[in-house]
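Dumping the structure here so I can ask a few things about it.
Naming follows writing order (A, B, C and D), and every chain is counted from residue 1.
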Amino acid sequence: MSLEELYREVILDHYRNPRRRDALAAPTAHAEGHNPLCGDEITIDVAVSDGTLTEIAVSGQGCSISQASASMMAEAVTGKTLEEVDTLTGQFKSMMGIGDGADPIDPERPGATLGDLEALQGVKKFPVRIKCADLGWTTLEEALSSD
Amino acid sequence: MSLEELYREVILDHYRNPRRRDALAAPTAHAEGHNPLCGDEITIDVAVSDGTLTEIAVSGQGCSISQASASMMAEAVTGKTLEEVDTLTGQFKSMMGIGDGADPIDPERPGATLGDLEALQGVKKFPVRIKCADLGWTTLEEALSSD
Amino acid sequence: MADLRHLRQDFPILDRTVNGKRLVYLDSAATTQKPRSVIEAIDHYYRTSNANVHRGAYTLSVEATEAYENARAKVADFIGATDSDELVFTRGTTTGINFVAYGWGLNHLTEGDRIVLTGMEHHSNIVPWQLVARHTGAELAYLPINEDYEVSLDDLDTVVNSRTKIVALSGMSNVTGAFGPVAAVSAAARSVGAITVVDAAQAVPHAPLDVALLGVDFLAFSGHKMLGPTGTGGLWGRRDRLEEMEPTEGGGEMISDVGLYESTWAPIPHKFEAGTPNIAGAVGLGAAVDYLSKVGMSEVRSHERALTKYGIEQLSAVPHLTIHGPADLDNRGGVISFQLADVHPHDIATILDQEGVAVRAGHHCAKPLMRSLGVPATARASFYLYNTPEDVDALVAALHHALELFGVS
Amino acid sequence: MADLRHLRQDFPILDRTVNGKRLVYLDSAATTQKPRSVIEAIDHYYRTSNANVHRGAYTLSVEATEAYENARAKVADFIGATDSDELVFTRGTTTGINFVAYGWGLNHLTEGDRIVLTGMEHHSNIVPWQLVARHTGAELAYLPINEDYEVSLDDLDTVVNSRTKIVALSGMSNVTGAFGPVAAVSAAARSVGAITVVDAAQAVPHAPLDVALLGVDFLAFSGHKMLGPTGTGGLWGRRDRLEEMEPTEGGGEMISDVGLYESTWAPIPHKFEAGTPNIAGAVGLGAAVDYLSKVGMSEVRSHERALTKYGIEQLSAVPHLTIHGPADLDNRGGVISFQLADVHPHDIATILDQEGVAVRAGHHCAKPLMRSLGVPATARASFYLYNTPEDVDALVAALHHALELFGVS
């Protein structure tokens, strides 16, 4: 368990410069997520049209892990079909060792499916922080299911 | 600590044939006592005139100790001045090892001051039962102070 | 009799003497003794992992949180709850029933509504309902007990009427040992849209129990009556019932957000666990449940059933002794209340204590039931897995001594 | 600094390592570690005297009752109460405050009455009052904190107005360490006929305190924050206030008589102790109080004062570190909340944990205060008698590592 593995540069970059913060002109769904154990918060607006997540806006506050994960997620899901988003969510949760395992990833090469998000795999070794990494994803799921 | 010392014949006699049970025609004071720890109950009516406790009626239910003690007390206080009752109460409590010690008794010869009540001195060796022995006396004190 | 004699060595207190005699502990209905594994689990927790739970990002706090939440999962599993969120840790049965009375009762009862209880309830399952009835204008109604010491179902359909919102009954009386008719009563409750609350203080510790099959809404029990630490207990509730229930204590851990004037609540079960919980207690209760599961609750039940049979036989042979409780062993647990001639129960307890035999004497927190029995107090012997026929024999011998002392023959 | 280093050997957990490093426990404001004497008192109780208290006429039960009531006397004495009936055992501060809110508040507040709180309260001293305000139509008003992190008394006379019935404030903030102005506020309360309730969760454990001199009406504290077991605490109340307070839990032990429809209550303190209490917990709390008394509360206070001085000095020298709390050491206790550059408190806690240093991160159950501070969370180090300057040094070293990891220089 090395802290250097947890606090990768790309994570700190997303923490300090979170992507997709701009409010959406016409969101079609919205959700607020909250980690009662630590107080982290994520709020998500999405615009979905024709089965595609065309735009997303993320805001919130919390630790580097929760904020960076949500920021990377926002990048990763934009422009994807809802089916692709669903698969990606499953794959991310698989990497974290949570979820139903329906969307496995190659544990040796998570980057092959998850790209930048691979940087978060160090979180798995810090069990308390898994919920932080997962917060954005759970909030997104909620937004999409409230649609 | 021998049980034979606790359950003296005179105690069982008072338990089975409690004295002074008859209701008073004209009580001047009344009190109800209750030992919340075991549920024993004593109810007392007294008639006081010219500083003398002329009559007393006791009723209640509970263990042999509480009922016998109240019965013996009733016998002992009838006809006494309030001052004498007060002294006797203090002496009884002294024998039980409770009270303020203002009315000491000769520990070697309690019978010299307390008469039959001496039979209760075995109770002192059974700490849980001291409150039982004392219940009648405390109730009497209450009745007299409510006067 | 399922021979559980080998378990006695797990209970350190059973090695002690009282007044020079072997301790014969016959008061498990009040609280049970603790096996070494429970005592050591508490000790170990304080020596290695003690920290406050939740909101802790450091190792110790994570370990403490895991220990606490693992205990919840174990206890939930023990009573057959598939969803451990449905298990709220409490201080005991009393707290659990009060939570339901105030948290569910206060906001579901209105003037003229009815709360149905039975004639064999413990004060814990009476007083909270009296308080809530007073606050809401609801009325109380009782299913009385019959001459077999069982809850009478004769008037079930009229007592549990259309205004009934809550039916609360004991799974087993702590005085007579009689089982409560939970299935029949909860069916009647359901048919009028009322909820059923079970006081399982004497039920959970002594026999297999499966909340998933019982068909009730809430069930409260005490950890200290099932080998666990004092100050522990559980309230199980169906998820939807817990969700519609208000928290009755406000504070830390039970909130989602707190503003100056308004707050919102955490999801169940934390909504009902305000403040720092009894963490070591929960850990100890988890160890207790492990112990009971290893022995097997069917074994516990059959051991106690056999011991109760033997106890009733032996006690019935004591002159001038009357037992208050059902004769049918399939309808009662290991609690035997009795009178002995005109020896007052407190005197019995004092006399037995001189022989090392610990029994309880008094109204057993069931004054209304005592009034039905027509006595102000009883003496009570109650069994658990560590009791043996020799314990019954010691009890019987001491009772003979009591008769002698009181000159009864 | 009062050198209490020799006490460390009394705390078994301090021997353990975390992530290969010596455990540096800096989270005593959340819960404290336990000395061997407390752990052993619990163990001893279960091995030798465990029984239910009160109503027991046998030796074990008498011993358990004595142990329980002796613990009450010790704890009462520890806080300066001359009458141990004024000390109610609770599960913790949260339960104590809820008891007062529901038991005293509900039947003394009416529409338009005012409850005054301060801007530095823990959720435990906010949420119960919100709940009771909602039930009664009373309103909440706040004494805000000023730029020195202290409760502002500027508007005391207008905030504590003639409609005020209850003033509730903390003796010491668990976030900033600031002491609450108990004397000034309770004087203002008295002058309008209001009662004062003190949240003494952080006050009782860390300095001498004497309720007989404080002039307040109720005072709640937690046993587990003063070396005692989890699931313990005390509510002290002036006799007349306790007597006019309603019980908030109904059940066994708290009654005088129970009928089918009406009941009457036992005298204080038992009126507020429904059900089987946390007996082993009370015994452990008694041992904790013995331990603290032997060390001496003035020693504890001066040790912590010196450690806080050192801590503030050392932390102030860490680049990009901001402390949220009063500078005046006479007006604060041993709790230091801080921000470190843009490193989120949870990240700080995770990083420190790798060095064995346990600090808490989050809103510390004080969301309204966090809003005043303008931060969603802080990291917090808090001290007790077993902490040393080396603990502060370990904290500071780990904070430097955090700055490195986050590339802040």
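Here is the rule we go by: a residue touches a chain if its C-beta (ideal position, glycine included) is under 8 Å from a C-beta of that chain, and two chains touch if they have at least 3 such contacts.
On a predicted model such as this, the values are computed, not experimentally measured, just so you know.
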{"item": "If a chain touches chain A and chain B alike, it appears here", "value": "C, D"}
{"item": "A-D or B-D - the one linked by more C-beta pairs in contact", "value": "A-D"}
{"item": "Separation of mean Cα positions, chain C and chain A [Å, integer]", "value": "46"}
{"item": "Where chain C and chain D are represented by their mean Cα positions, the distance between them in whole Å", "value": "31"}
{"item": "Averaged-CA centre spacing for the pair chain D and chain A, given as whole angstrom", "value": "38"}
{"item": "Multi-chain contact residues (two or more partners), chain A", "value": "38-39, 128-129"}
{"item": "Sequence positions of chain D contacting 2 or more other chains", "value": "19, 55-57, 346, 350, 361-362"}
{"item": "Graph class of chain-chain contacts, one of line, ring, star, complete, other", "value": "other"}
{"item": "Listing of all chain pairs that touch each other, if any do", "value": "A-C, A-D, B-C, B-D, C-D"}
{"item": "Interfacial residue positions of chain A with respect to chain D in the complex", "value": "1, 3-4, 6-7, 12, 15-16, 38-41, 61-65, 67, 126, 128-129, 132"}
{"item": "Touch list for chain B against partner chain D, complex", "value": "34, 36-39, 127-129"}
{"item": "Residues of chain D defined as touching chain B within the complex", "value": "54-57, 62, 256, 266-267, 270"}
{"item": "Contact footprint of chain C on chain D as seen in their complex", "value": "12-13, 16, 18-19, 23, 25, 27, 30-31, 33-34, 38-39, 42-43, 46-52, 55-61, 91-95, 97-98, 101-102, 122-124, 126-128, 130-131, 140, 142, 222, 224, 229-232, 248-255, 257-263, 274-281, 346, 349-350, 352-353, 357-362, 365, 367-368"}
{"item": "Complex contact set, residues of chain C against chain B", "value": "19, 342-347, 350-351, 354, 361-363, 376-377, 401, 405-407"}
